[in-house]
Amino acid sequence: MSLVSLGSDNHSGIHPALLDAMVAVNQGFAASYEQDPWSQELKQKILSEFDAVDSALVFNGTAANVLCTQLALQSYEALLCSDASHLAVDECGAPEKIAGVKLVSLPTDNGKIRIPSIEQHITRRGDQHCSQVKMLSITQPTEYGTLYSLEEIAQIAEICKSNDLYLHMDGARLGNAAAALQCNFKTLVKHCDLVSFGGAKNGSMLGEFVIVRNPDLKKGLKFFRKQSLQLPAKTRFLSAPMIRYLQDDLWLEIAQHENEMAQLLRQGLEKIGTVTFTRPTQANSVFCILPRPIIKELRKSFFFYVWDEQTFEVRLMTGFSVTPQHINDFVTLVQSIHTERTTP
Amino acid sequence: MSLVSLGSDNHSGIHPALLDAMVAVNQGFAASYEQDPWSQELKQKILSEFDAVDSALVFNGTAANVLCTQLALQSYEALLCSDASHLAVDECGAPEKIAGVKLVSLPTDNGKIRIPSIEQHITRRGDQHCSQVKMLSITQPTEYGTLYSLEEIAQIAEICKSNDLYLHMDGARLGNAAAALQCNFKTLVKHCDLVSFGGAKNGSMLGEFVIVRNPDLKKGLKFFRKQSLQLPAKTRFLSAPMIRYLQDDLWLEIAQHENEMAQLLRQGLEKIGTVTFTRPTQANSVFCILPRPIIKELRKSFFFYVWDEQTFEVRLMTGFSVTPQHINDFVTLVQSIHTERTTP
Amino acid sequence: MSLVSLGSDNHSGIHPALLDAMVAVNQGFAASYEQDPWSQELKQKILSEFDAVDSALVFNGTAANVLCTQLALQSYEALLCSDASHLAVDECGAPEKIAGVKLVSLPTDNGKIRIPSIEQHITRRGDQHCSQVKMLSITQPTEYGTLYSLEEIAQIAEICKSNDLYLHMDGARLGNAAAALQCNFKTLVKHCDLVSFGGAKNGSMLGEFVIVRNPDLKKGLKFFRKQSLQLPAKTRFLSAPMIRYLQDDLWLEIAQHENEMAQLLRQGLEKIGTVTFTRPTQANSVFCILPRPIIKELRKSFFFYVWDEQTFEVRLMTGFSVTPQHINDFVTLVQSIHTERTTP
Amino acid sequence: MSLVSLGSDNHSGIHPALLDAMVAVNQGFAASYEQDPWSQELKQKILSEFDAVDSALVFNGTAANVLCTQLALQSYEALLCSDASHLAVDECGAPEKIAGVKLVSLPTDNGKIRIPSIEQHITRRGDQHCSQVKMLSITQPTEYGTLYSLEEIAQIAEICKSNDLYLHMDGARLGNAAAALQCNFKTLVKHCDLVSFGGAKNGSMLGEFVIVRNPDLKKGLKFFRKQSLQLPAKTRFLSAPMIRYLQDDLWLEIAQHENEMAQLLRQGLEKIGTVTFTRPTQANSVFCILPRPIIKELRKSFFFYVWDEQTFEVRLMTGFSVTPQHINDFVTLVQSIHTERTTP
């Protein structure tokens, strides 16, 4: 793809500072399986930044979500999640297959679970014929680039607590959420039992983290990881860049840039006056409706996904390598195609 | 670890040429999930080099083995493998958990299945009370660094064919086998239905391949991969170095070097005259018995594993970054400790 | 429970004729695991009555449904079913755990899937991130005692065919459906690839059947059964009563009686004039709303379930041993409590 | 089969007293799913007789074993069992598929695990690459009709305790063991955490029990049962006969009879002088070698299995309905065929 991509934040490559960190550790021999010094340093850093009791490096976000599920749930239990969540719609049934659990999809507004509706889904307690709801997962930011406020998370946590549910946060883009909410990770996850934390949408090559905050849920983590095909060998190359990511607020710098590019894009498109926005822009994506012919034309220069084939809602995501110039070019192009098409 | 490691060939880092290839593709945007041009080029290369019908990049060797099992077996079927195989003893029950199958461990000589004994384990055909044997897996080179000759593989394949079994080759170090047997990959795997092919023991950072040679077994590969938590996003960084690995016989150069270092090590230790060798040295490892106090002393300068705590059999593996100088230092040290200890 | 039960058709015992058949075969020795002559006779009968290619006796309806799923689907595939279906809400996640698949619940009217909405749920074909819809399951009669007409089944089958889906019929009460629709089993299931067929709601002690009509789906049936913990040993006692059930239209006699008792009950309650009916009565159940105090009072003499704790919708089911006298007593009691409560 | 069967103790039908108990409860309505009074009475009786904390009725022995495994083990853990055990060789991989665990088969003498060898198989504690041994299962009596003495069980329990393993007893024929060892159930299982207890080999129609003695292992029992397809509906017919079985020492009477028939058979065959016995006869089976032509001839009048096709070892099992006359006829027939064949 020689095109500029607004298709996904994983279409950007490796952030230069993170690549430098990878190159820097390619010297001499190192223990594998998180026994190298970088992995050990990173683990301490993560435990501290997330006020956590254990963590494990895994290969991708699906794996982090599934491992969290395995840690928290018996196979006869169920997981509440949003009907737009990666867990529900983008993991090809991995939670069901690997953890054996039932997923219960909750209706959402712009990817956010409707808080007052949660308790309707916690039913048939103790009825052996029915999977028992035991965890709620929220995505932060959501798959539609929206955010739960800290107050909303607290409210959700309260509901979980009073209904004996664990709270999981899918944080594949947690940096973007923390940047947008102007808080640190510790504050963001303080009500969560388990967190999936990823860096790939913020410029790391790969590697996500299962973060365990509830000490009751750490049993067997390393064994579940291995059995779930998630034990990396040469961990220094995954850990060293994440140390760098967490250092000197690099994560914040990257996430802020991505979020700002999304705002810039939204503002640019808003000025055109005829683009319909379908979701609030709170993190690093813009969802809007573009007429089909415009989409076709735009795709000659930019890559992006049509999110809803019925409505022509498109998703525009801003990875770390998207620049103001890219945004400007995109907006200008939308405008020019538009003008062309509406001028007699 | 500042020590030189003979502990594992994954204690060496990333081969410089492969790292260069990774760095070189860190420009601009690229599609993810094997849709980038490098992944597509690599796929064609693999299909051609292995005379295969499909392939999929996964994260590690355990995953490649488990995916091959999922492709070939129903959950009520069984897999024959060596009692020393990675599948049987180093995957924390992943084949059972993920593919649902039974593993039947066959006794071995130096990691090699005893060919005449195979058919004894193919029993109770059609008996519903019993898992039905449907695949045989051989590791090449074995976990003890030994090799099946091309003739032996042909013999095994004949047994599989006449008993309606698929043949799988676990080739986490396939390059070392091909180098030692002086053949190309196509020849090495020509009797196999499925191959797990890895580069991490030859200097890649991570990434293994499920290679499907039998067209009956390719159904659902991409879905099994995703559901088994094995779909990488930024695939350009995994594919580009593997293109380089397969180019200009770099794989051969690396594997030959590793194999030669093992021969050098063996010859050096043989000259000492008092080291007992427990296995033939045919690929990139030396297994021998060292007295406990020598082990303790050696470990101050070199990292390696005691493979059998009862007998003090140690495994010495030579990764790509092990040099003749390292070998020489190690042998000299063994000799000097030995001399010291036996001199009154 | 000394009470008369309208709680479930499995609160009735064993139909006398079926018990006689069980007692009659308790002589001498017999092979187990369906190798006895009765099981072999029954199998032939079932293959013939359902125009099927294979069948297997299992222990209960959940098992029959899960085995059908295992036969038809890979773990990365998905099953469409009604949001009221036993599969979705009364199997404690067994389909997900044992078959590894995703269930997609479709909204329903009185337990019936809305036919025009089916195709909306067949999405993302070929997209590796998403479980691939491959089977549709309908319950006949539904969990709300309603029926798909033969025309509706044909329509559904057409949709399945044109979308490459298998069609499964959950027939835990198939006799009641056939009796109500005045057709035989062959006609009722003629569009189905797989059928779960049960007799326990019609007076058998236990035992359901996985019936395979599509020859592509019979592979591995006996092994899946054993591995899914469903192989009965003393099968003569399960088969002999089912031979009797299918003989001389005994099934029809029983099912008609159950259906008639439900009609009698509905008519009786309708006459009272103040009972609200929530579902059509087409098989052997009546769903209606009863005021809470009436429920409490009624329960002193009759057992039944409140189906919806919010609305006080109750389910009244008529098993084979429910008599016109029981119905009359129940209706009279409802009326008398009602009169008492509304008389000043 | 009109032949007398020494093939299996499940070739005998339902014991008349147990059938009477089934017939007796076929009156009126009863709650299902173990909520009927008989199931509740039975549960209390079992808890008391086995000094247990919970129990659950399931359909067969495979299910009882698999449920015990689910209760005790995480999927990354392993189960030690004999290489002749039902768990290892007669459950079509159900423990692996359903519980996800690894089975480690231990070599045996006449079906009994060699006690001094147990600890050799408890290795690699804490090593994430390897399934962690967490339970030992013994079969009592074994699949070869031999018995662990109470002292041996105590020894095994001691090893389990000091190695942090749970102890499971597969008691598909527990009555026969208790009868032979002249002890009650409580004494027999007093060192066990979990017991699979079956009546079908002693004349019940079907139904086995998961018995939980260790209070740490009872969590989720009813949900695991339902999800594992093991929840029976009309439980009165399974519970009432088991109440009878446990009443007035009927179990003991039946088991003693079966054991005595085996002794009678052994003594009869011993007198012939030329039959080779391959296993001690301690419960209700005789294993011996019969020449192939004799087997063929005998099978015209008696059904039995050749256990080992290589050696012509046959298994002769005595179910409750085997009489002294049957035994006498069999022995006489063996003798007469033998005489005929050896007389010139």
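Order of writing sets the labels: A, B, C and D. Residues in every chain begin at 1.
Rule of thumb we're sticking to: contacts are C-beta pairs under 8 Å (C-beta built on N, C-alpha and C of every residue); 3 or more make two chains touch, one makes a residue touch a chain.
Since this is a predicted model, take the numbers as computed values, not measurements.
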| item | value |
| --- | --- |
| Path length in steps (a step moves to a chain that is touched) from subunit B to subunit D | 1 |
| Contact-richer chain pair [C-D vs B-C] | C-D |
| Distance-maximising chain from subunit B - centres being C-alpha averages | C |
| Length of the line joining the C-alpha centres of subunit C and subunit D, rounded to whole Å | 34 |
| Centroid distance [mean C-alpha coordinates] between subunit C and subunit A, Å | 42 |
| Approximate Å spacing (C-alpha centroids) for the pair subunit B, subunit C | 52 |
| Multi-chain contact residues (two or more partners), subunit A | 75-76, 91-93, 97, 128-129, 223, 226-227, 231 |
| Subunit C partner contacts - residues on subunit D that touch it in the complex | 1-5, 7-8, 10-14, 16, 19, 23, 25-32, 36-37, 58-60, 62-63, 66, 91-94, 97-98, 200, 205-206, 223, 226-234, 236-237, 303, 319, 321 |
| In the complex, subunit D residues that touch subunit B | 75-76, 78, 89-93, 96-97, 100-103, 128-131 |
| Subunit D partner contacts - residues on subunit A that touch it in the complex | 33, 74-77, 128-129, 132, 219-220, 222-227, 231 |
